[in-house]
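The same subunit A turns up in both complexes below, where it pairs with subunit B and then with subunit C.
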Partner chain A sequence: MNCNNSGKTYMVTLEGTRQMNLDKIIILLKQGKHIREDCVYSLCIQAQELLMNESNVTHVDTPVTICGDIHGQLHDLLTLFEKSGGVEKSRYIFLGDFVDRGFYSLESFLLLLCYKLRYPDRITLIRGNHETRQITKVYGFYDEIMRKYGNSNVWRYCCEVFDYLSLGAIINERVFCIHGGLSPDITTIDEIRSIDRKQEVPHEGAMCDLLWSDPDEVDTWSLSPRGAGFLFGKGEVDQFLQTNNIELIARAHQLVMEGYKEMFDGGLVTVWSAPNYCYRCGNVAAVLTIDGQLERSYTIFDAVQSQNGMGHTIIPTKKPQMDYFL
Partner chain B sequence: MAEKRDIRRGPGIRTVEINAARQVHARTVRARIPIDIGAIDSQEPATSTAISAPRFVQPALPQSSRQPSAAHSHVRHTCNNPRNPPCAHCGTMIVPSPVATLPLEDHPSLTINNWTISTKKKPILNSQELEDWENNKLKGLTLPEMIFGNSFVRIQEKTRNWSIEFNALDALREVKLKDSGIRVSYSKKWMDSKQQKQRQQQRLSIALGSSQPLSDIDDSALQIARHYDWTYTTKYKGTETSGSKKYKFKKDDSQTLPIDKLARPDHILFYDDMILFEDELADNGISIFNIKIRVMNERLLLLSRFFLRVDDVLIRVVDTRIVVEFDENKVIREYKEMEGDYKTLLTKHKMSHSHDPKAALRDSNWVAANIPLITRECEILNLNDPN
Partner chain C sequence: MQPGSGANSGTNSGTNSANGSGSPVLSSSRHASIVEMLSTPPQLPHHVQHNKTYHNHSSSYSQNRTLQQQQASQMGGQAQPSPPQSAQDQVPALSPHSSVSSLNSSLFNADPAKLDSQQMTPTTSQCLSSVHAHEWQYILLSQLIEQNKLITVPESTSVEEAFNTMMKYHLTSLPVEPPQGDMNCLTFDYNDLNSYLLLVLNKIQVSNKSVQQDCQNGKPVPVGEIVKLTPKNPFYKLPESENLSTAMSILGSGVHRVAITDNDMTKIKGILSQRRLIKYLWDNARTFPNLEYLFNSSLQDLKIGVLNTHAKPTSRQSRVISIQGDEPLIMALFKMHVERISSIAVVDQQDNLIGNISVTDVKHVTRTSQYPLLHKNCRHFISVILNVRGLETGKDSFPIFHVYPTSSLGRTLAKLVATKSHRLWIVQPPEIGGSTASIDSNQSISIPSSHSPMISAMEDPPSPHSNNAPPSNLFEKEYRTGKLIGVVSLTDILSLLARCQTEHKQVDPQSARRQRGSIVS
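And then the complex of A and B:
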């Protein structure tokens, strides 16, 4: 890849050079260092080319580790890799919501992209409801880019990548992975394959439901009291499992204090991978590893300390700032 | 931004580190000798310039605080928790820092005369606690995403056994278990498209002569399963407990808060700021209930604020302010409801030349100062002379 200032062209050089460059960028990202705009552009273009070839529901083999929401908590993402073997050794599926809320949305997303480019068959990225232009403009990613670059170009490049992310994954034809949940418009997994995913997530329709809906103790499909969005219950989950001959739906999207929560007799699990969410919830995080026998094992991890041993700030804290409020 | 720069810095001598070490040392030395507030103030500017001063926040005091408050230099309060940052006796104020998951108890407390102020901050409720709240304590309510259910702020008057506390459970008990009538901005569009689809499929199934519906969406899918106020609007004004019936608030809307006295930059002995519950409304805005408290030598001010923003729909603020005058044993409680249309507020802010007008709508202080007041109530409780 070419990270020089020679306009916004990108060049594929020898594979070896490309990997070396990627490794360098990965090191920088892990330290939370600044990545130049043209370099981000080049990464995003390459990622798009790669993601374009993936189907809406990607096939993944076991063993694999399923990870939930990250929300820009770069340091906790590093802990996640550390505790679960690392991308050099293990396979991963990320269920979306890489950005927003945390302070390092860009670095977290780019790190995952770099891993994707460096180890394409070892990491699968699924789109979350935060991987959209509309949501990132309100919940932090856009502001973070404006703060870090002074303009919104990098945000635009990233949003273009969002449009190419897969909608789901299926592990050994037995475990279905999705960000939010089910949709009344989708009965079989094959129906997801016919969605035109390369667009901003619409406000309604199957694509929207898959990224937004929530499981709940309801008897049938019901409407959220907010006036938009579906809730689904055990009946819908059992039906979906049976129709598609699968045993588990793994999803993220909702904060769980213990990092994961199994529902409906183990037919559905919520995995949450952002410890001490928003730097104040005090929750732990989890990832779910599915082995060759489709056995589930959860790895729990805690948030990194906000300061290192030297008293240096690693994460900007949200301590109460004293003020003379009235 | 300072923190970011810090991380990027390569190896070499870190001046911040040396500066930080100097400060820690200075504080240790200072803590050995109880000194009066006036003296602390004059030392403050030197330390407050270091941005990444470790351990705890040491806010810069306003310049003007040096002269008047120093006159009131006799110390009459007790810091009840020695593990917290030392109090004004010892050289600094108490600013409790949040405890994440360590099993440490963070229960800072301060006593002034017969008044004790204490706070407790704990992580969000775990699944077991949530289940208990959902099935027993708050039956019928789908709980907000983040509940700091073991946190509280408490103000106690010891001699008369009177207290007022703010906690999440009692705040959520005031949330109505019926349809709020509020819908997210794209609700109509969403419903219309679903209904259209439903009709299409009905026509299709009739044409095919099938008695089975072709889709899972039947009428029930477009019905709300459980009715509750999903905005979590609460009119909670605190939980009172009293040993005697005579210590009750009396309504008197003519009363006002002593704003002039509160605006004075008196030395703050105790400060805390905590969230009791929060919900992201499925990324349609925010609903947050937050408590702030500051205790000065003569009085305290507590602000409990419910802030709701439903994007492109409406904004609502419910404020309760409590002022305790320690010397008069007098408590004043002011309650305000404010509500405004999202778009009206946005246009209002656009006129004040900002590049990101929506940022103002995320700032509850700006919003509270700019939206229409719906109701205001004031109550007073005089513990010295309750009748």
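And then the complex of A and C:
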């Protein structure tokens, strides 16, 4: 299968050929180039078959690098790989929220899918609250696809893949990774394993909470101002750590200006990997590396300039000539 | 709930399993009890014991001790930790911050989000809970005021400057100083900004032709002229010696805020908004046991906000005014102006709720660079609103804030306070697979396994020219929050409280809107 426009067709039968084609697609994606719809379809089908067999909570070994929200910031994702060794050399866990808001949601997501297909044991993708139909309809991914393809098929294919993403990961049985946070419905990690995850994220219940909740300075639980999930306090975190014999909850889901933020005596950390969020927040991004001794180290990185070295605009920023009050 | 040593004791609260297939009953009961706990008002500070008189189930109402006994035990003002003595005590106390801060919070034109950081002195708390132990109606408005600077603008201010002031201080309304300290001032709010915008775009006409021309010619217009153009509710003023009951009757009629003055009514000391009042009542609800049975009742039992599609809405119910997602934004703004409402629901072709647009969102279309948004569709504007909101807080929110007809008033209030919103949309829980769905829509959705779901996902041949498939197919039908069937607003709740609990039995939640001269009756 050929995904550029040269007009030739390859049969995807040989493993070697498939790898070669994946490599070609990866090159195109990194350049933000258009991928044909049938090619996206094929990638999504393959990814689905692979992800289908993963458990709700994937086991991962150290050393591993944990990455937070990406939100379609493709060029910053490339920086992330550059600063942390790349998939060829390091293991990665991505905590979800690959799409929405940034201008390259599709390319960012497909790149990660390609890496998953190419190096299935080196990269783990878990689901964020943005990997749903309802959210992507109103936070940008759907609009991006309509702009780039004129119809919503590619959006539908990607949403199908979202349904198969794992909900969490556990590193060496000691570090628990989830996109949002805890749920009143869940006391043990085992209980997460019995959720039927292959569906759109519901509006309430355990699966929703795990992807929507936030840590906060509350006594126990509180209703979330987001309108989904809960706020949970130190007591709940300590209890969860103790019950499950783990030492850290690594999560994303919330913008952090410094890239990462530890809370509750280091029992929980928020990792955020989209620098200069939405091209205007001015924040830095971070990834967290856990080494063989379960030691933590953070790598901080900045956003790319909006123009590359040759003066071409990478990020379409609005520069209105005149901007008056109506 | 039954006594037990921990949250995981086996209970049979009889709620649905919230976990879909295979989850232990233990956890779902714990979930249910936590959700119920959050649907009842927060614990107060300085309580000696957990409030045994406030139960989650109306059947236990008859077992209540009187609040008086309880208040007597707490008058000493000493907080003593008490060991769990009964099942109710298993409910952990929520953070005291939420209830503490509101008592001391300023009701002036200040950002409510900032107010929660203020700490309360013990004196005020003890004073309030001991003096006004029983009846919220008789709390004096003076108790709720804090000295703070009141922001106003002179009449001559241009609309643009007034708008900038509102943005700077995070206000939704701004009193406009009339000449010579005349107390009959009007306020400039986002409804006026909306009218101004529609005037500039020549979508509406007003009787003052010179103002109309100035708007269309891009000349700055003084805010004093704009506020006179469209009918407004009078700027109600109450002296601080008045009590909450009176404030409730006004706010329950659909007026969004009242001014609180000194007792001579010569000086405005602050503003009391609907949202502030609701938060105050919620945070302090445990001192007012006469609210309990109301909070435990469902919205449909209370007949507020729920639209019975088989009957015409009564004058007491909010009519749900909505717009299709693919209509242009300018139509939504026009509809809000014509109907004199502050928020409009955005739905898809099957009447499923996508999101909502409030009149305050006009702030996103005030600059010429934002002009193209007016002709893009409403669904796109919702993404603009949500994106900006998520950036401001660092947290993306769920696109709609909703409840069900079976949700309790307590749950509704808890969510209103937590999300800081003025209304919650009432939706029908979606039916899954033809059978009646539970309120928890967390059931697994069966996709036909005879072929790959991807095939059913491919609606159109892969071509850049094909149109979007209609969303009525199996793929998308199940993935909605639900059909919009009603809305419950702060007005609805306050009018209910006023009618049920005060001497003002005739409070009509639609009266303020009628006064504003809604063209559609």
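The rule we apply is simple: the second predicted complex is superposed on the first by the 305 of 326 C-alpha atoms of A that agree within 3 Å, B and C clash if a C-alpha of one lies under 4 Å from a C-alpha of the other, contacts with A are read in each partner's own complex, and residues count from 1 in each chain.
Following the convention adopted for this analysis, a contact is a pair of C-beta atoms (placed from the backbone, for glycine too) under 8 Å apart; a residue touches a chain by one contact, two chains touch by 3 or more.
In this text, all values refer to a predicted model and were calculated from it rather than measured experimentally.
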Q. For the three-chain model obtained by superposing on subunit A, do subunit B and subunit C clash or fit?
A. clash
(Q) One more residue to check, A:G282. First (subunit B), second (subunit C), both or neither? (A) first
Q | Partner chain in contact with A:E200 - subunit B first, subunit C second, else both or neither | A | second
(Q) Contact-wise, after the overlay, does A:K89 reach subunit B, subunit C, both or neither (first, second, both, neither)? (A) neither
Q) In the superposed arrangement, does A:D38 touch subunit B (first), subunit C (second), both or neither? A) second
Q: Would you check which partner chain A:A228 touches, where first means subunit B only, second means subunit C only, and both and neither mean what they say?
A: both
Q: Considering only the touch criterion stated at the top, classify A:S152 as touching first (subunit B), second (subunit C), both, or neither.
A: second
Q: Check whether A:Q48 is in contact with subunit B, with subunit C, with both or with neither, and answer first, second, both or neither.
A: second
Q) Counting only touches as set out at the top, which of subunit B and subunit C does A:E160 meet: first, second, both, neither? A) second
Q.
In the superposed model, only one of 8-16, 152-160 or 368-376 in subunit B has C-alpha atoms clashing with subunit C. Which one?
A. 368-376
Q) Shared contact residues on subunit A for subunit B and subunit C? A) 129-130, 135, 138-139, 143, 184-185, 187, 203-205, 212, 218-228, 230, 254-256, 277, 280-281, 318, 320, 322-326
Q.
For a test of understanding, state which residues of subunit C touch subunit A in their complex under the given definition.
A. 7-8, 18-24, 27-28, 30-31, 34-35, 37-38, 92-95, 98, 159-160, 163, 197, 200-201, 218, 354-355, 365-369, 371, 379-380, 382-383, 386-387, 390-391, 393-401, 414-415, 417-420, 440-445, 452-454, 457-460, 462-469, 475-476, 478-481
Q: Would you tell me which residues of subunit A are touching subunit B in their complex?
A: 31-34, 129-130, 135, 138-139, 143, 147, 184-185, 187, 203-205, 212, 216, 218-231, 236, 254-258, 261, 276-277, 280-284, 302-303, 307, 310-326
**Q.** Residue numbers on subunit B that touch subunit A, as the complex places them
**A.** 1, 3-4, 6-8, 17, 20, 52, 54-57, 59, 62, 93, 95-101, 122-127, 130, 142, 145-146, 179-180, 183-184, 186-191, 193-194, 197, 215-218, 220-228, 230, 259, 262-263, 265, 268, 271-275, 281-284, 292, 294, 301, 303, 311, 356, 358, 365
Q: Using the touch definition up top, name the residues of subunit A that touch subunit C in the complex.
A: 36-38, 41, 44-45, 48, 101, 129-130, 132-135, 137-140, 143, 146, 149-153, 156-157, 159-160, 183-187, 191, 194-196, 198-200, 202-208, 212, 214, 217-228, 230, 233, 253-256, 277-278, 280-281, 318, 320, 322-326
